[in-house]
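Order as written gives the chain letters A, B, C and D; numbering starts at 1 within each chain.
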Amino acid sequence: MLVAIYWVAKIAVKRKLKTRSIPGLERIDEWIKEAAKLNRSVFFTPGTGGITTPDTLAALALLGYVAKHCVEHNARLLVANSDPQVQQLTEDLVKNAYAKAGREKEYSTDMVRYVSTRQFAYAAGVMGILRREKPAVNFFVGDFQAEALQIAETGRGEAIYQFGGTTNTDQLPFFMTTCDQTLIGEELYTAQGYLSSDPEAISRLIGPDAGKILAILLILAGALLITFGNSILIALMEL
Amino acid sequence: MYLILLLVITVPVLTHASIAVPITPMTRALYDFIQNLPPNSLVVESFDYATSVVPELHPQAIVVTQHIFMRPLKVLFVALDNNGPPLADAVLDTINKGNKSYGVDYANLGYIPNTATLIGMPSNIAQFLPVDTHGNPTAGLPIIKEFPAAKDAAFVITFDDDSSALYSYLQYWQGSFNIAVAVGATATIAPGFMPFYNSGQLVGVLISIRGAAEYESLLNQQYHCCLGISGASSAMVALSASHVLIVAMVVFGNAAYFISRRTSKREK
Amino acid sequence: MSSDKKMTREELGLQIIIFSLGFFYAIVYYIAVPGTVNLQAVSDQLLAYITAMLTAAFAIGVINLTRVHVNNIKRKRATWKYSVILIICLYAMAIFSMIASPYALDPQAAVIPASVIAFSTPIWEFLYYKILVNINSTIFSLLAFFIASAAYRAFKARSLESTILLAAGLLVVLGQAPIADLVWPGFGAIRDWILAFPNTAGQRGILIGAALGILVFSVRRLFRYPWGD
Amino acid sequence: MNPIDLIGVWVGVFITLMVLSFLYKENPFFRLAEYSFIGLAAGYALAASLRLFINQALNPIFVDGNLTFIVPVILGSLFYAQFTKKYSSLYRLPLSLALGYSLGVTIWSIFATFFVKQVTATMIPLFTGNALTTFDNVILVAGTILSLSYFILHREQKGVWGGFTKIGKYFILATLGAVFGSTVLGRMAIIIQRVQFLVGDPAFPWRALGMGTATEGAYAPIGVVAFLAVFGYYMYRERKKGSSAETASKATKP
């Protein structure tokens, strides 16, 4: 099956296909500039997942982008974490973003804050930060559980621009209803491809697309076969 | 708006108003299944929730346990969440235990620390959970002597707050040993279980506090008892009121939206 | 995020570690060659080491919190008084939890005198049940208010898209209020149908898509992990 | 009646209202609850994870005599290198091991559990002989395919294809609406129980939550009244401060 995905991907790369856009990604930059102009900070939190959670790792990739642009536009970045190891990674990311611009001295330890491993203690801490510091933008992207709506509604109450993203279907509705932009499910993973605007990265997005087409074909074939009482495809898949 | 919601909930709670609860098929299916279990079957109850969801799942645990204790069944309590064992004890303190005695008819085996234990229990309970929560060796309990392996269980119900417990039981207990499984779920995760119920993999689903209230009224219909035992029934009016409030707010919000849109159009 | 950037030697070394472990765990469950080394056992042993390694990081969070809040207190930042309370709560709870909680270090009273444990138990129970559990539950309960205000704001029939969101949401809300069922039993049936079919379909679409995104993302990370990029 | 439990109930009531006051505005009471909660949670977590460290890493060495576990303990201690200036990037070594492991397991499990399971579960008969179940099944299969098509990126969402993806998006939105709606039930259950606690209702699971018994609980409303008095006084002072600051600023203006 993996071979099939690879094969479809190969064909697709040869024929350069047009892609649809993910709405909202291009506005990240604008928002950060706006925050710098208002002299308010940019807030980012990757949620309550650990380093073993894929959503968290995808969020960190986005943080890399946000941090770079915050340094560029002189916006104050504020990161809040729930997992100690994620805290270490984010500290590194933000520090490096400053180091690359040759402005290590501007990095301070209270930019990246560890709040709590406990879900609702983390939520209380983030809610407090949002209300007290009133950032201009709130990026909450990654792995969230019930705390998502607490963060989102507090941010909404302070009229903060909100950018959300997760694959957790239990929480996605609350992102959709409170954020100005939401990355739904897989968009969280393809976002970086778009942000890095180099053609090679975009062509890499073809892999998942090929998988989706394959999934659609498989579902159709399987459903048709079983309609006529043939369950061979199901048996094959369960091998 | 927040104040109205608080009021709408507080007034029914204070006045102890009550309301008849319609029974959903998923709750009835679970009730009928337990009601029709052959006498002397072994049931396993798994307490897989943290204290933060006690409002949703604890009432379910109370009513289901009460039902099981009213029938000639044997029951083992386990937990996949480390908050579970004391919660099971709290349930046992709440219900009417009839003439059942600890060790013979029921036992609290405590926390299942890892998947290996969960997989091992169907073949040998005493080996994987050597002591119960009271510190007794499990091998010495009459109930374990009667049922040394969990694969003899007729039924397992998990009170689950993050779906991992249910998936484990479906995979390791039902998949391998064909033990019937039911779940008491929080409202957030319950929608994800509908496909399992529809395909017959689950004998029943209790949804949050409402499932508990329905179960309580089923018990009351048959045994004329237990009304108010879990506190779920008395929450039903407040629950209805808060839901109606949300619907009313949404309707009101939309009306206001349409009116404002119409007037702004005219101004143009 | 661009991959053309050269890796430093240190990063290359780390990447080799990531790749080899990742590759091993991605395939180990598929291969079982009878008679050769039992890869399953190797992977279990390795996992025990990795778990042990991760548990060694147990104090990272506390060190971070202590650093930040001691700093707050030293510099008399705006919230420094609260930082004092935080630090006191942290260390008091840590000490009593190590003596008297389910995670006590010496539950059999082999080293710590039994009288100390007996003295600490009610204090720990007070801190845990009377304070921590209550704050936890109440912060959770804030969601009831937030979900109401989110519904009020978001459920507006602005476009066809938001009308669908509104309709599905309202029908489910109506279907689970016991009182609505008494008015018309159909509400409950509609709710169950929405949850069982359109909802399952949408969830599967999201899940399958996400699974593919995660798969490609993870494979790419095996070849290049962007440290601080 | 147990006096400690009675005090516990009152403390619990105060704390509950301190947190709820956040809905009105951010205030010192909420801040106190927030900071003490973070502190208590961290302290408890420290004890819990220390216990885990002893069970998983130290017991194998000192109890079972398995000296190989010294290696992971040394590697794990490198996590603390980040707090030094000179060797700070050494923490990346243990982290790489953990990352490699988790990426590998993800690659293995995501395919089996999400992709294969969800795809096979959707292979259901499109015609069953019963009009109702046929309709249900068609909705399920078509809905899955269409909502999946929404995520396909290599094609602009225009024309007939755009129509498909649009219907897919509708399915996704219906799903999100349904999840939103069903979550309401659980959240209301939680606030109802909080209210039961505040009014001292016997239906509240006093025993299960370690709050003593309903006898002590019945005195909870006294705590509510006391808190409202304190909070009222705080607001009165705030307002007075606010108005005096206002008059002061007016006075300075020419």
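Definition applied: a residue touches a chain if its C-beta (ideal position, glycine included) is under 8 Å from a C-beta of that chain, and two chains touch if they have at least 3 such contacts.
Owing to the predicted nature of the structure, the values given are computational and were not obtained by experimental measurement.
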Report summary line: Outermost chain relative to subunit C, judged by CA means, is B
Query raised in the report: For the chain pairs C-D and B-D, which is connected through the larger number of C-beta pairs in contact?
Result: C-D
Report summary line: Distance between the CA centroids of subunit B and subunit D (whole Å) is 21
**Report entry** subunit C and subunit D: spacing of chain centres that average the CA atoms, whole Å
**Finding:** 7
Query raised in the report: Taking each chain's centre as its mean C-alpha position, how far apart are subunit B and subunit C in Å?
Result: 23
Query raised in the report: Once you find the CA centre of subunit A and the CA centre of subunit C, what distance in Å lies between them?
Result: 16
Report task. Going through subunit A residue by residue, note those that touch at least 2 other chains and give them in order. Result -> 54, 85, 88, 92, 116-118, 120-121, 124, 132, 146, 169-170, 172-174, 176-177, 184-186, 190, 208, 211-212, 215
Query raised in the report: Out of subunit D, which residues touch more than one other chain, so two or more?
Result: 19, 22-23, 31, 33-34, 37-38, 41-42, 44-45, 79, 89, 92, 98-99, 101, 105-106, 110, 115, 119, 121-122, 141, 144-145, 148, 151, 172-173, 175-180, 182-185, 187-188, 190-191, 193, 209
Query raised in the report: Which positions in subunit B touch two or more other chains at once?
Result: 2, 5, 51-52, 54-55, 187-188, 190-192, 195, 207, 210, 239, 242-243, 246
Query raised in the report: What residues of subunit A sit close enough to touch subunit B in their complex?
Result: 120, 146, 169-170
Report task. Within their complex, state which residues of subunit A touch subunit D. Result -> 12, 17-20, 22, 51-52, 54, 85, 88-89, 91-92, 115-118, 120-121, 124-125, 127-128, 131-132, 169-170, 172-174, 176-177, 184-187, 190, 205-206, 208-209, 211-213, 215-216, 218-220, 222-227, 231, 233-234, 237-238
Report summary line: subunit D residues touching subunit A in their complex are 19, 22, 26, 30-31, 33-34, 37-38, 41-42, 44-45, 79, 82, 89, 91-92, 95, 98-99, 101-102, 105-106, 110, 115-116, 119-120, 122-127, 141, 144-145, 148-149, 151-157, 172-173, 175-177, 179-180, 183
Query - subunit C contact footprint on subunit A (complex, rising order) - result: 54, 57-58, 61, 64-65, 84-85, 87-88, 92-93, 95-97, 109-110, 113-114, 116-118, 120-121, 123-124, 132, 146, 149-150, 152-153, 156, 167, 169, 172-174, 176-178, 184-186, 188-190, 192, 195-196, 198, 200-201, 204, 207-208, 211-212, 215
**Report entry** Complex contact set, residues of subunit C against subunit B
**Finding:** 102, 133, 136-137, 140, 144-145, 148-149, 151-153, 155-158, 166, 170, 173-174, 176-182, 185, 188, 192, 195-196, 199-200, 203
